[in-house]
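Below, chain A partners chain B and then partners chain C, in two separate complexes.
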Partner chain A sequence: MNAVRVFFEPGFFASGPVHVALVIGAVTAIVSAVVGVFTVVRGQSFAGHALTDVATTGGSGAFFFGISPLVGFIGSGVIGAGAMDLIGVQRVRSRDMATGIVLGSATGLAALFLYLDATKSATTGATQQILFGSIFTIDPSTIPLVVILSALTLAVIGLIYRPLLISSFSAELTRARGINLRGVGLLFMIAMAVSVGLSSIAVGSILSTALLIGPAATSVRLTSSIRAAMVLACALGVVAAWLGVLFAYDSFYWIPSSQGLPVSFFIVSLIFVFYLVSGLSIVRRGVDWLTRNNLPIGSTPALTSKAEL
Partner chain B sequence: MFTGFMVNAWEAATIVATVAGVVGFFVVLRGSAFPAHAIPNGAFAGAAGANLIGLNPLIGLGVFSLGAAFGIGALSRRGRKDAVTALALVMMLALGAAFLSLSTQYEPEIFSLLFGEILGVSSSQILPVALLGVVCIIAVGVLYRRLLLTSLAPDIAAARGLRPQRVETAFLIIVACATTMTVPVVGALLIFTLLIGPAAAARCFTNRTERAMLGSVVIALLTVWMAIACSYETNWPVGFYVSVFSASWYGIGRAYVAWHTTRVVLGEPPASMEVG
Partner chain C sequence: MSDPPVLEVEKICVSFSGRKILDEVSFEIREGEFTGLIGSNGVGKTTLLRTILGMQRPDAGVIRVLASPLSPRSRSLGYVPQKIAIDTDIPMRARDFVALGLDAHRYGFARRTAHQHQLVEEMLHDVDAERFANHRVGSLSGGEQQRVFIAHALISQPRLLLLDEPLANLDPKSVQEIVALLHRVARDHRVAILLSAHEMNALLPVMDRIVYVTDGRAASGTTDEVVRSEVLSKLYGHHVDVLKLHGRVLVVAEPGQDNEDIPQHPTFTVS
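Take a look at the complex of A and B:
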């Protein structure tokens, strides 16, 4: 029992907010990881991050107009994704700029909404809450909705999986197969916007980007198959989220007379460390060796994502 | 509108817009919008950290923005640049969240560092801003041809023995420098808008590099001047007006391109961006 005490401070397993945080953390980590692998291989990390800020703008707007924050977060994300597509997100050269223009406009609007929110309600907590969010203060009643929307996002990714995979690697093959490149790209952007909006409202904008890009970038480095990368990214994301919640809970006891360190700090640090460690050659060789042993006899170890096409 | 504290605001805004116009031109040309967003945003965490241990926030801003520039430069050698930038950004923001949770007074601090207080600039802030601005412009002047070559003609750059990674890191350091000077004045979110919008708009109007850069500075200046005037009249945040005006300029630019392309189709020779 004492060994357990070292890792889990008293009350960890009995705490309601901790249960909610563990469930929400796992759900958002899994959806973000699946969407994130495609985000990373398609080179749309900037758009994925920008959509969190766009969603945040929607959140502050919803606060001002008094509508549901969930509608604000997800609605503005979808509008932002559409605007990026309109300006030219499908061409690699103008993608960066299109994202930048949308992000700049969204932050300007956020500045206005936060200013109006502050003058309207005089509650100073709004900025802090909207910008940083907290996994420990989620209303348990929003869990079912978050889970349903997450499942929907995963279903959309599942539906467009093959065309999405093909269009992520080869534009020629996409055309040869008669796939609508722009349509698939737009559908993916919308799925990404919903996923990012959900995670922004559930865990805050910092964690949203961290869970989207971090585990995916780490696992894409370590495996050469897109499915293996998704499984690994989900595992890494959930491990980081759960350990982060545990450390944040424990940190209430580490520093006397403090309110503890934020959970986002721990989750992001873990994700960052995972990424750095995955760059070490010994880790790559180890994962290579492990996956090689698991492959059926006769298959080539140099399994590439293109081979899956 | 042109007296007292407003004089400082006009001066600071003019310096910031000039530097943002020049640096922004290369940000758009090189496709470095994400680092240009990540460095100022992450640097705000440095200010929070400096605040916590009782240092001048400028030191924290400088350390974090330079750290971000070197970090993104070093890590992107062995990974995807956009993913690395995202990770560096969230790591800095998470540190910022930790610093803020440890300090007792946070709310107005966050707001002013993210959104800036250009109408509250004091005259003692003008000199450091101007000095760092001059440093940035000189650095761009020194690296001018190298920056152009590595972004427009990578093969010629390689033939001349230029290392694109080094040039990129050097450029990110310029962005970091511009950031340190501008974040306390205009805020982390606003500087990004000023870096992207005017430069993207200017590129729509001309294919010549010098003209595009000059146009970028002119549009950035018009944007901040109009924004300050409107903000003064209506009391709404400057950042809102800056983003509205930059987005409008870009819209006008795109409309001009659309009109121009129809003319090209009708018989005018197409043009492409020229080096030098």
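Take a look at the complex of A and C:
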């Protein structure tokens, strides 16, 4: 019993907010991991990050108008994804430009809403909550909606899995197959927006980039297939989310009379540590030896810029 | 010759913003034929291939595949585009990319059957890619990647395989290997090949027919009809010699011409 006490401070397993945090953390980590692997494979990390800024706008706007932050995060993300598609996020030449324009204008709106939020409630709580999340204060009644939206997002990814995969490598090959290239790309952008919105309530809108990209970037280094990368990314994301919740809970007891440290700090730090460890060649050699994956080890290959293609 | 041609291209016209790219281009390809689509960079070879694939609407003209009008998702066509971008950091094995050739256009969940896995194994064997089947596509050499892309295109058993400049950026040894491989799979899989290139020397040993494009016009003929000094000189716009030496054919341009598409030296000779 004492051994358990070392890791779990009293009341961890009995706490309602902890239960909610563990469920929301795991579900959003899984959706982020699956969508994240495609984001990394498609080279759309910048678009993913722009959607987190758009989610900030939606979250701060929702707070100002008194509606659910989840609705704000996801609604604005979907609108942002549509805007990026219209400006031309799918064309290689205008991809970064489309992303930049949407990112810039959304962040401007976020500045307005965050200012209004602060003057309205006269606290800094809103800004902290929107940008960096507050997983311990989530209303348990949110869980069903989060689970349903997560299941829908995963279903969409499963539905377009192979057309989405081939379109990540060659637009020409995709069109020649009679696949609706733009439709598939837009569906993925919407799935990415929903995924970012979901993880925004867990780790905050700004940090949802970390949950989207981190586990995925780590796992593509260590696996030999897209499916394996998704499974590993889910595992890493859930472990980071749960350990983050545990450390944040325990941190109440680390410093006398403290408020405890933010969950998102722990989650994101763990993800970053995973990424660093996966870069060690001894780790890659070990994984390669265990799985016989023929991982590229040694000299880091120069990454071909997607913009050149 | 009672079979219909695999491909009939009839008076195809394509223009981009008023500029004519292809002007009444006509030719046909018969079963099992190896056809070279020859022309300098920018004359519309890619546009012609994209039109055949149904990705570019012609202003006029008809394209028939196996005597029936083309539908955009015609399964009778295989395609290897000029650029397929798979970085080393993408976990995509050669074997998985070949398998994707079976079902990349399918929506929804489905497990591949034992028969499909068998097809992938056979295809990897046919293009001599078993050695690196479990390596990431991005980590392979240019020639190895071309084998994987050819297998990806062939696994759905098309009757016509279109390749857009597959020999560009390959070293001379890989060029020879890929040409020999295409010649072999074309025969074994009874698939006709239409391959675009700006340089024909490497293709001379295997080409049955040449379609040459210049200034939006195209003409075609058997290799013997086209590889003649007066025809090639007209095609390139200045004097080209075709030398027959000890039973070998050499295509040589006059030296000192400032045109990289014309072989300045007999870099490749043909028996």
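Assume the second predicted complex is superposed on the first by the 277 of 309 C-alpha atoms of A that agree within 3 Å, B and C clash if a C-alpha of one lies under 4 Å from a C-alpha of the other, contacts with A are read in each partner's own complex, and residues count from 1 in each chain.
Heads up, the rule we're going with is that contacts are C-beta pairs under 8 Å (C-beta built on N, C-alpha and C of every residue); 3 or more make two chains touch, one makes a residue touch a chain.
All figures in this text were calculated on a predicted structure; none of them were measured in a lab.
Engineer: A:Arg221 contacts which: chain B (first), chain C (second), both, neither?
Structural biologist: A:Arg221 contacts both chain B and chain C.
Engineer: Which partner chains sit in contact with A:Pro262 here, chain B, chain C, both or neither? Use first/second/both/neither.
Structural biologist: Touch status of A:Pro262: first partner only.
Engineer: By residue count, is chain A touched more by chain B or by chain C?
Structural biologist: Touching more residues of chain A than the other partner does is B.
Engineer: A:Ile213 in the overlay: touching chain B, chain C, both, or neither? Say first, second, both or neither.
Structural biologist: Once the two structures are laid over each other on A, A:Ile213 reaches chain B alone.
Engineer: Should A:Gly104 be classified as contacting the first partner (chain B), the second (chain C), both, or neither?
Structural biologist: First partner only.
Engineer: By the touch definition at the top of the document, which applies to A:Tyr275: first (chain B), second (chain C), both, or neither?
Structural biologist: first
Engineer: Please work out whether A:Arg175 is in contact with chain B alone, chain C alone, both, or neither, and reply first, second, both or neither.
Structural biologist: The answer is second: A:Arg175 touches chain C but not chain B.
Engineer: Check whether A:Thr153 is in contact with chain B, with chain C, with both or with neither, and answer first, second, both or neither.
Structural biologist: A:Thr153 sits against neither chain B nor chain C.
Engineer: Once the structures are superposed on A, label A:Leu165 by its partner contacts, choosing first (chain B), second (chain C), both or neither.
Structural biologist: In the superposition, A:Leu165 contacts chain C only.
Engineer: Shared contact residues on chain A, chain B side and chain C side combined as an intersection?
Structural biologist: 220-221
Engineer: Can you tell me which positions in chain B touch chain A when the two form their complex?
Structural biologist: 28, 31-34, 36-37, 78-80, 82-87, 89-91, 93-95, 97-98, 101-102, 106-108, 110-111, 114-115, 189-190, 192-193, 196-197, 200, 236-237, 239-244, 246-247, 250
Engineer: In their shared complex, at which residues does chain A touch chain C?
Structural biologist: So the residues of chain A touching chain C come out as 41, 158-163, 165-166, 169-170, 172-179, 220-221, 223-226, 228-229, 292-296, 301, 303-304, 306, 309.
Engineer: Can you list the residues on chain C that touch chain A in the complex?
Structural biologist: Residue positions touching the partner: 50, 53-55, 71-73, 77, 79, 81-93, 96-97, 100, 103-109, 134-136, 138-139.
Engineer: Spell out the residues on chain A that touch chain B in their complex, using ranges where they run on.
Structural biologist: Contact set of chain A toward chain B: 40, 43-46, 48-50, 93, 96-97, 99-101, 103-105, 107-112, 114-115, 118, 124-125, 127-128, 131-132, 206-207, 209-210, 212-214, 216-217, 220-221, 258-262, 264-265, 267-269, 271-272, 275, 279.
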